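In what follows, chain A forms one complex with chain B and a second complex with chain C.
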Partner chain A sequence: MIHFMKGCAIAASVAMGVLASSGPLQAAPDDGLINESSAALKGKKVAFVPIAMGFDLTEAWAAGLKLDAQRFGYELTIRDPNWSVDAGAQAISQLISEQPDVIVVHPPEIQAYTRLIQQANAAGIPVITVSLKADANGDVFVGPDWYDLAVKETESMVKFCGKDSGKSGKIAVMQGVLTNPTSQYGIQAIEATLKDHPEIQIVSNQAADWDASKAHAIASTVIKANPDLCGFIGLWDNMDVGIAAAIKEAGKQGQIYIASSGGGNQVSACDNIESGNFSSYVSYDAKGQARDLMMAVRAILQNKPTTPGEHSVGLYTPLKVITKETMTADSCWKLEDVKKFGP
Partner chain B sequence: MAMRETLTRLRYRFVPDHILGEILAKSWIDNAIPVAILILTLCVLGSMIPGLVAVGSLLGMSAQFGELLLVVMAMTIVMLAGGIDLSVGSVFALANFVTLALFNMLGWPILVVIPVAILCGALVGLVNGILIGYLRLRAFLTTLVTLIIVRSIVDMFILEYAVKVARPTTLSRIWDFISFKRVLGMPVALIVCLAIAILAHLTLTRLRPGWHIMAVGGSRRSAFNAGLPVRRTIAMTYVLSGMLAALAGVFYASRLNAAGSDTGVGLEVLALTAAVVGGNSLGGGRGSVFKAVLGAIIILILSNSLLRLSLPTGGTSAVLGFVLIAAVAIDVKWVKHRDKLQTSVYVSPTFLALGKAPETAEGSASPYALNNLLKDVELIGLGEIDGPEDPILDAAGNLYCGTRHGDIIRFFAPDFTSKEVFVHTGGHPLGLAFDRDGNLLACVAGMGLYRIGPDKKITRLSDQTNRSWLSVIDDSRMRLADDLDIAPDGRIFFSEATIRFDMSDWMVDALEARGNGRIICYDPSTGSTRTIMDKLRFPNGITMARDGESFFFAETWGCCVSRYWFAGARTGQREVVIPDLPGYPDNINRASDGGYWLAMVGMRTPIFDMALQNPGFRKRMVERVAPDEWLFPNMNYGCVIKFDENGRITDCLWDSRGTNHPMITSMREHEGWLYLGGVSNNRIGRYRIPGGDPTWTAHASYRGEAR
Partner chain C sequence: MSGRSITKLSQEKIVAIITIVLVVFFSATLHSFLTPGNILALLQNVAILGILGIAMALAIIGRGIDLSVVAIMAVSVAWVLQLNNNGVDLSQAIAMGFVLALAIGLINGVLIAYLEVPAIFATLAMGTAAYGSVRAVLLEDNLVYLKAAGDSWFKWIGSGQILGVPSPVMVFAVIALLAHLFLRFAVPGRFLFAMGDNPLAARATGVPIRPLIVLQYLLTAAIAFVAGVVMATAVDSMETRVARSNLVYDIILVVVIGGIGLNGGKGGIRNVLVGTLLIGVLLNGMTIMNIPYTLQNIIKSLILLAAIIIDALMNPRDEQTSQQGDI
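Right after this comes the complex of A and B.
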């Protein structure tokens, strides 16, 4: 009798176990990888240290990561240093001691976080750098080739101000933070490209630290000092709107060319092209980068490098040039859509 | 009624009201607020952020902590001298740039680079120091200007060289060690910083330059009047500040190897917030390195937590701003009200029910019956001395007394018209006694027990006793040594009237009526000092009984005389000899007829006796009424009584009008005369004792017993 009871109990529990485990199996068949790959993401810890939150690029990337975090059940923490290099360094040091499974870093300067990235790698934590290239490669880099980007901007500028254009050939360069790769590789590209075009000369080369109001102040002065200025090369849309405003105030819209670049957000890119604020725009499609970043994180979590930092993968973003002529309905993306529907 | 009285008695026996005031009087109480803030910060943020207080998390912050603490110390040192240094953030950036430029770009050896970078900081500090210390410019504006100028210089260099300085061209093992290595789990920056903190603490608390800084910050004018080099001291604080901020910049360079234009931006506000949150006063003169450390920890944890809470853009700065405002407000209010608060809570009366006061009416049968025998005393040194608490005569008949000015005056025998300052002690000499070798022993209020040889050489015998474990006040120090006598074996027993009040406030002790006093024994054979009885109500006069094994002592607010045996069969026993006196007893001394003279410093009044049973009333009085309106014991009568070994009153002398000798604190019999002293009098009185033995001296009396 007792044996019988025991047998019943075992049978019942086995049946229940089968029932319980067969539920999801029935819903989604195992293709041999999908279950394994999503299980590898569950419960992992992903940390993201942007330069700052609150602008299109970082918001788009974060939206992508948040989506994956929800879908796969990994834990995403975002530490916002709000433009302070030191606060960012503090956040990364802190994270190294917390030992997450991957750190995503958006470095404000080439050098500032180099040592910290190396330290994180040395502590066994894989590092993905996004958008701005640091001197340390980490495990994955997702972002544009800044040299190529500046070459493209300069070429469009040369078209407008160069030989046979009948213009003065005077141009101004507005850099961001000087120690930032955009500015550092960008200025090298601009100078190299202009070598073949001696008719074009740089009359002003200043840094506005990514700040639109600073850019506005500098541009106003430059326009006053050079009434025959032909164009501005700006290196980031959110800053370059300051230049555009200064040109508008001087009543020279259409006369002074603005080559800008950025993440291709509808408001910052296409709307400005449409309104004539920007003359040309090189987009590195932050929405696409968000997807690249999601995939890079997934890849690292599924296949953690044995020695982080030993082999580095470069996922350079394809660039596209947007002008009034080349602009289409899907040239840009909208932040609220990315937030709602994912990249 | 009896029930209520018992309850009141128990409440005042077991609730230690006096401790609050004593805690507030401690110098470390200034640290209480920052420590409370730290605990609060840790509790609130620790519950919001999991793992905040974990060891790993704290270690992650340790390098930043080292840098921040250096800058906070820089700010603190300047603030201690009464200034402010806003240029620390710019100096930090300058040193960072100089280090990277010299090392990465020019390839200088790192052991040269670091001193040069610190020197740059020192130079900026020197400019600040000269402008503020020597040319007397306003610290705030001057350092604001250097903040801007140095920042601009750094920005100009960065525009030109930012790219080059960040690329290391040379390798240095020392630099790598500073940058990456941890010793005992701590980064080099933190170790160096802690070493400097200890050094700075020692300098500020133990060394002359540190004391100068505190003095100048406390009161610039007083420091100047005291002859301190005020200008040089102020200038020096800015140089130190520049050097510390520069060193922090060097460590920043080693940590990040980056010369961004936002390096050190806003650091001055962060450091200022930390210094003030830690409890360093903006007004100068009040603060410590420990407070700087506390403040740096609080701010680091706070800023780190805000970072982790991912506040919306600008939220972190806003919170830090609020913290600074709150800290400044607390600082201002605390400095302003601490003394007020302490004074209002310090006096803490307790319950005391004295027995019924004996009759003193003139013509009554009472042994204390009023007379006017002291109305015609001879006066010695009228108007020439102030506060002869205890007159005494030497073997040659010269008269000695202490004065409020800190002297012991000697009047020469036989007529006492000429006098000299025998010695200057520095405190108010109260009880006096001669030992067998002719040395004068003195209890000096505020100082302790001293011996003065016939050659006028002053020797300190004792100024501290054993510290009791549960006392908040440091009761090892002697605050009010009062009267003494010497046992035949050479031990000196002396009373300390109260451990809670200084000489100037001795009468406030009456409002408390707590046993705040004690009797202390100094043993010259071992040099040791021990408290033998405590919790006495203002123990005052002490004199040796003739058995050589005990002494009589009076408790002023207890209105009684007791006897204590320090040797023989009854060692350690205590017995009340006269329980309820009509007044407040002071010194006791031997009389020629085998009895003892006892001075009454004042007389009891029914109203004050009643007030003693109403501690709440006295507390309210102290809190609400100005001190000169307080109800004090009546001190306007002069009275000396004589009692025998058994405590029977055998004689009583009054100055009923209180004109010659109100408030008699002591008396000495010598060759038929009685010499009267009073702690508030400007004279010594001399009264011919009817039938007094014209050959009797105290010396002989004591020598006889020694034989």
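Right after this comes the complex of A and C.
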């Protein structure tokens, strides 16, 4: 009993401490904007429909939104369709009828959600699209310029395999899902860049559905068929580890160049550069994107467009090329840190 | 009788002939096809599909089906990698993952044998349930890298070599041999055929049907785990998203195209090998020819359709076989 009362007393004093410490916050001076901008976020509804949760990109973005939702008191709902395009479309349709203040959509391909984004806009709901550019712009796009990303990858490949390199100039391209903007704009960029470098020849251009196992099978066949292959252009780290494994198996690590790209997560990017699995890596820094996304949501909530979808803002992510030479301690980010401390 | 066997080619033989025709065609047109290195790569690339095909064959021969093999493979091995990355001793992590796979197989077996849920529904539901619950409760991420055990013997299983032969091919061969011996010589293996052919008659003659069904799904789960280990150690990671892919249809395809009827009681491991080889030769040849992805899918389905049509023409269905088509 005494213990119990002691416990109550401690709990009470802790509670009072919390109350006391929240006092000064309320007394913070108004700089003319901060109170108004915070108030504009309170009680709002934000919905996020990723392709799937559970991988580095979407987890990082969601971590950013969760942080803001707590800080400013907006309600965040995440509808996870787990790689199913149908389930994602259903989730967006459902959300349109629920009338949130903004919908954040991560489209799986260029066309899939275009109509739904337009419908949401028509229903007066602002839409932010993230990472994969859809045909409908919505109000804000946060994500990489996929064309520029593939240009950067190809340029690094040209440096290694191009003129005066003494190499064969034979390269292979590993696409993901063909209807995805990464592949659609990426392949155009690769072909356009190579026009100026006739010494480089694409001997294999295949798609592996973002699946490391399929990429491994294709890569091992291509390496056997082209013993003088100079390099691979991959378009996503999660898939490209399969190419790296095939190169390692063939005993050609360091001889066959591998250009990869992705969100710049430590285990997917910098660890693979460090170990020599990847030769170069174009990062679109998903941690930075998480912050861009937080700010885009804040901006939309504070200043709701009168006609959603009428004017679109493009927040294209700055890209950085990571190689062994350019890699620094903060080139990459760790998911557990972003989850714990925010982006 | 002997005259009949000349004119009547089994589906297995038809597929074998198509495979040989393709090998001759690719060897004549592609200079890099018929090299030892490429043939080994070809085998290596279908080894995982073949191992899973063997698991599926065991289920189908016993008049069942296991649509949860891919999910079992993905979640159990992803958990092994995660446990090991988080500091659990490698052999202990492997044991825990193996037990997890067996537990899912056991639930499958009990649902089908004792609650008499049809195998296709029980395993379809278990695949989703196992993926979802393990992902939610045990796994931190969809994609788990092979990090801690990157330099160990474990890594060798999927990326080593014996006398130039890639280890996945070796694992495939060993599993195929063991499954063949089990089906031909072990008592439960023989009972599996009896049960697949006619479960009621098998039970009437004293075959313990229910425990046999449980054993069947324990075996598929165990083989799926082995396939997962090969996959994870070949590409240094396990992407659990594979559980949501079309892989399970490819697995059923190699089994059925090889000539194991979905009605059960017939076929053997040789059928799986033939089916797997056809897919392997096709994919390998088309990749070397650099045929665009979409066109590859069309060619693949047309050749498979051709095999089925030839079989339908050469082995017309009679009253008995057409009644047994249901799973």
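Simple rule for what comes next: the second predicted complex is superposed on the first by the 317 of 343 C-alpha atoms of A that agree within 3 Å, B and C clash if a C-alpha of one lies under 4 Å from a C-alpha of the other, contacts with A are read in each partner's own complex, and residues count from 1 in each chain.
By our rule, a contact is a pair of C-beta atoms (placed from the backbone, for glycine too) under 8 Å apart; a residue touches a chain by one contact, two chains touch by 3 or more.
For clarity, every value in this text was computed on a predicted model and none was experimentally measured.
> On chain A, do chain B and chain C fit together or clash when superposed?
On the shared chain A, the partners clash.
> Classify the contacts of A:E109 with the two partner chains as first (chain B alone), second (chain C alone), both, or neither.
first
> After superposition on the shared chain, which partner residues are touched by A:K287: those of chain B (first), chain C (second), both, or neither?
neither
> After superposition on the shared chain, which partner residues are touched by A:D80: those of chain B (first), chain C (second), both, or neither?
First partner only.
> In the superposed arrangement, does A:A52 touch chain B (first), chain C (second), both or neither?
Touch status of A:A52: both partners.
> Touching A:A207 in the superposition: chain B (first), chain C (second), both, neither?
In the superposed model, A:A207 contacts both chain B and chain C.
> Which holds for A:T179: it touches chain B only (first), chain C only (second), both, or neither?
First partner only, chain B.
> Contacts for A:A91 in the overlay, against chain B (first) and chain C (second): which applies, first, second, both or neither?
A:A91: touches chain B, not chain C.
> Indicate the residue numbers of chain A shared between its chain B interface and its chain C interface, in ascending order.
52, 54, 82-84, 178, 207, 209
> So in the complex, which bits of chain C are touching chain A?
Touch residues, chain C against chain A: 30, 32, 35, 37-38, 41-42, 44-45, 48, 135, 139, 141-143, 145, 147, 159, 166, 231, 234-237, 239-242, 244-245, 283-284, 287-288, 290, 292-294.
> Which bits of chain A are touching chain C when the two form their complex?
Within the complex, chain A touches chain C at residues 52, 54-56, 59, 82-84, 175, 178, 203-207, 209, 211-213, 215-218, 220-222, 224-226, 238, 241-242, 244-245, 248-249, 267, 271, 277, 335.
> Any idea which chain B residues touch chain A in the complex?
Residues 51, 56-57, 59-61, 63-64, 158-159, 162-163, 166-167, 179-180, 252, 255-263, 265-266, 303-304, 307-308, 310-314, 316-317 of chain B touch chain A in their complex.
> Going by the contact rule set out above, which residues of chain A touch chain B in the complex?
Answer in residue numbers: 52-54, 77-87, 89-91, 93-99, 108-116, 119, 177-179, 184, 207, 209.
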